[in-house]
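Just so it is clear, A, B, C, D and E label the chains in written order, and each chain counts residues from 1 on its own.
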Amino acid sequence: MLAIQDLSCIRGDHLLFKNLSFDVKSGSLLYVLGENGSGKSSLLRLVCGLLSQEEGAVLWRGDDIRHVRESYQADLLYIGHLNGLKDDLTALENLHMNARLAGEDASLPQALDALKAMGLGRIASLPARVLSQGQKRRVALARIWLTKAKLWVLDEPFAALDASTIDLLAAQLGQHLANHGMIILTTHQEVTILAENTQMLRLSH
Amino acid sequence: MNAAWLTVLQRDLLQAFRRRSDVATTVFFFLIVSSLFPLGMNPESETLSLIAPGVLWVAALLAGMLSLTRLFATDFADGSLEQMLLAPQPLTLMVLAKILAHWLVCGLPVVLLAPIIGLQYALPYEALQILMLSLLLGTPALSLIGAIGAALTLGVRGSGLLVALLVLPLYIPVLIFGAGAVAASQHGMSAQAHLSLLAACSLLALVLAPLATAAALRISVE
Amino acid sequence: MKINWFKYSSPQNFYPLAGRMVPWFAWLAALLTIAGLYVSFFLAPPADFQQKEAYRIIFVHVPAAWMSMVIYIVMAAWAGIGLALNARLSAMMAQALAPTGAMFTLLALVTGSLWGKPTWGTWWVWDARLTSELILLFLYLGFIALQAAIDDPRRADRAGALLALVGAVNVPIIYFSVKWWNTLHQGSSISMGAAPKMVVTMLTGMLLMALAFWMYAIAVALMRARCIILERERNSEWVKELVGAEICGSQTKTGVNA
Amino acid sequence: MNAAWLTVLQRDLLQAFRRRSDVATTVFFFLIVSSLFPLGMNPESETLSLIAPGVLWVAALLAGMLSLTRLFATDFADGSLEQMLLAPQPLTLMVLAKILAHWLVCGLPVVLLAPIIGLQYALPYEALQILMLSLLLGTPALSLIGAIGAALTLGVRGSGLLVALLVLPLYIPVLIFGAGAVAASQHGMSAQAHLSLLAACSLLALVLAPLATAAALRISVE
Amino acid sequence: MLAIQDLSCIRGDHLLFKNLSFDVKSGSLLYVLGENGSGKSSLLRLVCGLLSQEEGAVLWRGDDIRHVRESYQADLLYIGHLNGLKDDLTALENLHMNARLAGEDASLPQALDALKAMGLGRIASLPARVLSQGQKRRVALARIWLTKAKLWVLDEPFAALDASTIDLLAAQLGQHLANHGMIILTTHQEVTILAENTQMLRLSH
């Protein structure tokens, strides 16, 4: 479904990778691995269309994503290093608005359920400003419970999370794969995710 | 009902409501700038009403710009902008929603407050009306044009003043027609022509600015 | 003869071509300037009563004012092409033109001010042409400042191009708004019917100077474009070779005489 | 030599230097703002020189303020502020260093440029001198007072409104004395009194503002 | 050397912990553990004096830190969730200035050596803005190589780092402990640090 063809990426005058090609099929999980600064985040942003490549193309169902932007984005969930939370809005409002912005039909009670699933029931009505690092990350990740997107692109989803939340999240990721979803993720931690088809892509300077 | 632009509008208004100070700063700034002049000079009512259109319009323009510089900056820093770019709906609409929110929070209060300040400057009743009308027609153009500058300078070093440098020259037609309208009505002439030109500026900006802003945003997140 | 124009749209091929063109334009500029100055100082009719010899400033002032506007349009056009076709070279040309445009704008302003003192009795008045020329200067400076503030060259190109285009839409609007706002400045002095006898030499002088400015602008823009290319492509093989060859002192065939 | 305040000063100046455009932008911003006013009115030289003190002072205030609101905001967001608070040296000195850097980058260029703009407004020679002097004495007060506001608005919600209410009005005396000094010299009177008051404002601000700012910073990182 | 006495912390209307007492002696390592939002970061900030406690006291060499602020801070190195880097300065400048701000006499070559020790030699002269998440973290942590502080307070130092850098850092922490230093740290990852005296403090809601 997702095909990467001959992708090259240059940041500044530094070549991160060249002629990178791979496919991600329904139900499969792709780990992007590599040292700090090897270009994992850049690759993920390229796949989402946030960065524009030097050469090559990203194809979604056979079409270049630059030509079918809206329909591609409807199928895409991206959670990067940044959480995308507004300090002055409550955790619940943040989650709800972010989900609706991404085109989901989530209602407020559904958003609350998602927060509860992430173990954040108690802090749903606190402004994002006062949350702890891990709680903020969990609010951002709670979108996973609300989305209908097929392709999930997650940049270090496990950073700052405590052990029990990591298990919870891993289970949810496995669930998505079992439902024929696709996941691309980067991580520096060892986390087991059940998938029938797991690929590894190792970037190196 | 699940339109992304509505969500954006709602979110920005909610934030402004939570953070009231933004509105207050704009309004205060407008008040200070426009009341300074009578303080700084020999306040004879003739001179005052002579400079009134210019001063009030410039004050409105600067007050709007003060808040405009940060229109997309927090969205950029906290990652919301990425999410907006990835929403499966037209970016231009969302941009328009953000501009609308900005105008409601920073432009509208100035429009409503202007007549009170106009009184200080001994403006006659008709001129006050025209002042309000011209601001109502012109301030949207200011927000729209300013958004382009704000988007272009995202994440750029020293962006606050750079926005001003990029945007202020583009504001000049609006300023001229706006102040011209008030001045015309002060001299008993019809402000019709100026007002139509002002509306034309706003319309043109309404069509082009969201497109340019959306393009600029895509460039800036790279 | 068929020329493959697209060949020259790559910086690598454009660089030597530009290098060969620069001297031609530079010489043309020098010759035309000499001719223009000769016409304007010796052939043009003597001073009118009021203005004394100061009026001769017109031969610099008016062409500079023309150039300031023309260059903005050219710059916006290059920028637009660069944005639409994702052509690096066009964006570089736009970037190379901006300082020259700003320089001519400043020249028009300064010569105008110098002229204003004897004729109007003041350095500056808030009149339509003067004001719109000042605003044009701000537009140039905004473009330059924006490009300078962004250090990723690709992003700088595209952001600058967008700004130039937005400015291009606005320039006419600004021009007319300012014009209706207030008019005090000299009317058009080059109207077809009026006093042809006197106008012809003056017109030649002005046109010669304008042409000289054109040539100068092209020469300088090409030189600047060459510098930009070298800087941008400093990691590419051909630049390394070129620079290596220069350091060794061996004359390259392309004749790098920067 | 290893004084923390020197490091802070050096860092802020280096940052400003990296953004080279910053200094230039302040200057151009000042230029553009002061060119806006004539465009809003009938620009006869008499009216112009009448409004000149007010216009130039407001432009200076604005040029300072646009950058000032964010004086500590980036430090707060990126964690440098915490590190400043934990440095084993007096915080007030470091705060003062930041304010000094801000003034050098944004205040000083305006002081130096003001006379050129004054010429556009047909100000006489003495008035130009007084203008420069008043800006030299007054702009430090603007930076100092603004710093308190910038510190108070950090992160804390609701207090922003308070800041707008408290700090902006503190600018008013500075503006009145500053513009007053120029106006006095225009009318052939002595600007002495205004200038002394201005200097007094600056001195008072110099003593109190760093303390207040440091205290506000400690509160806002909690 | 560091003694915590009866510390309580309330954020908003939420009691994070109450009557917490412990000591940290020369050469010992204290892990602060707990779920997201259990108050680890708050405790660390209390220990540094960035937050003010509801009750109790933090004593350094027997004195309340609020009374001996400057001398305490000269002995303290705190690296929190935020990296404290300036986007426009290069990695090297950032490190150098941060070290000097903290009262170290670090010279520029020393700072460069520290960066190299962290494996950042190549990117020393890039502006912090363009660095990857992990590279930024590494620049912030490189201060460890320059500091003379006795007490290190580190909030999730391992987040965003790749495996080899974690080992490097752990070795350096062990070194500090061997030199009679003290370390307080929080982490959600399992990292082995050699210490003759390791304590655990587990916070829970």
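Everything that follows uses one rule, which is that contacts are C-beta pairs under 8 Å (C-beta built on N, C-alpha and C of every residue); 3 or more make two chains touch, one makes a residue touch a chain.
Here the structure is a predicted model, which means the values were calculated and not measured.
Which chains are in contact with both chain B and chain E?
Looking at chain E and chain B together, the chains touching each of them are A, D.
Compute the centre of every chain as the mean of its C-alpha atoms, then state which one is farthest from the centre of chain E.
The chain farthest from chain E, judged by C-alpha centres, is C.
Which one of the chains is farthest from chain A, going by Cα centres?
Computed centres place C farthest from chain A.
Most C-beta contact pairs, which chains?
B-D
Please compute the C-alpha centroid of chain A, do the same for chain B, then give the distance between them in whole Å.
37
Using mean CA coordinates as chain centres, what's the chain A-chain E distance in Å?
Spacing between the chain centres: roughly 29 Å.
Once you find the CA centre of chain C and the CA centre of chain E, what distance in Å lies between them?
The answer is 56 Å.
Spell out, as numbers or ranges, the residues of chain D touching 2 or more other chains.
Answer for chain D, listing residues that touch two or more other chains: 18-19, 21, 25, 28, 32, 38-39, 42, 77, 157.
Chain C: which residues touch two or more other chains?
In chain C, residues 138, 141, 145, 149, 152, 178, 181 touch at least two other chains, as defined above.
Among the residues of chain E, which are close enough to touch at least two other chains?
Expected reply: 81, 87-88, 127.
Residues of chain A touching chain B in their complex?
Of all residues in chain A, those touching chain B are 48-52, 70-71, 73-74, 76, 78, 80-89, 93, 97-98, 100-105, 127.
Quick check on the complex: what are the chain E residues that touch chain A?
11-12, 34-37, 40-41, 81, 123, 126, 130-135, 137-138, 156, 159-165, 188-189
Can you check the complex and tell me which residues of chain D touch chain C?
Residue list for chain D touching chain C: 19-21, 24-25, 28, 32, 35, 38-39, 42-43, 45, 48, 119-120, 122.
Could you pull out which chain B residues touch chain A in their complex?
2, 4, 7-8, 10-11, 14-15, 18-19, 74, 77-80, 82-90, 221-222
Mind listing the chain B positions that touch chain D in their complex?
Contacts found on chain B: 18-22, 24-25, 28-29, 32-33, 36-37, 39-42, 47, 50-51, 53-55, 57-58, 61-62, 66, 69, 77, 157-158, 160-162, 164-165, 168-169, 171-172, 175-176, 178-179, 183.
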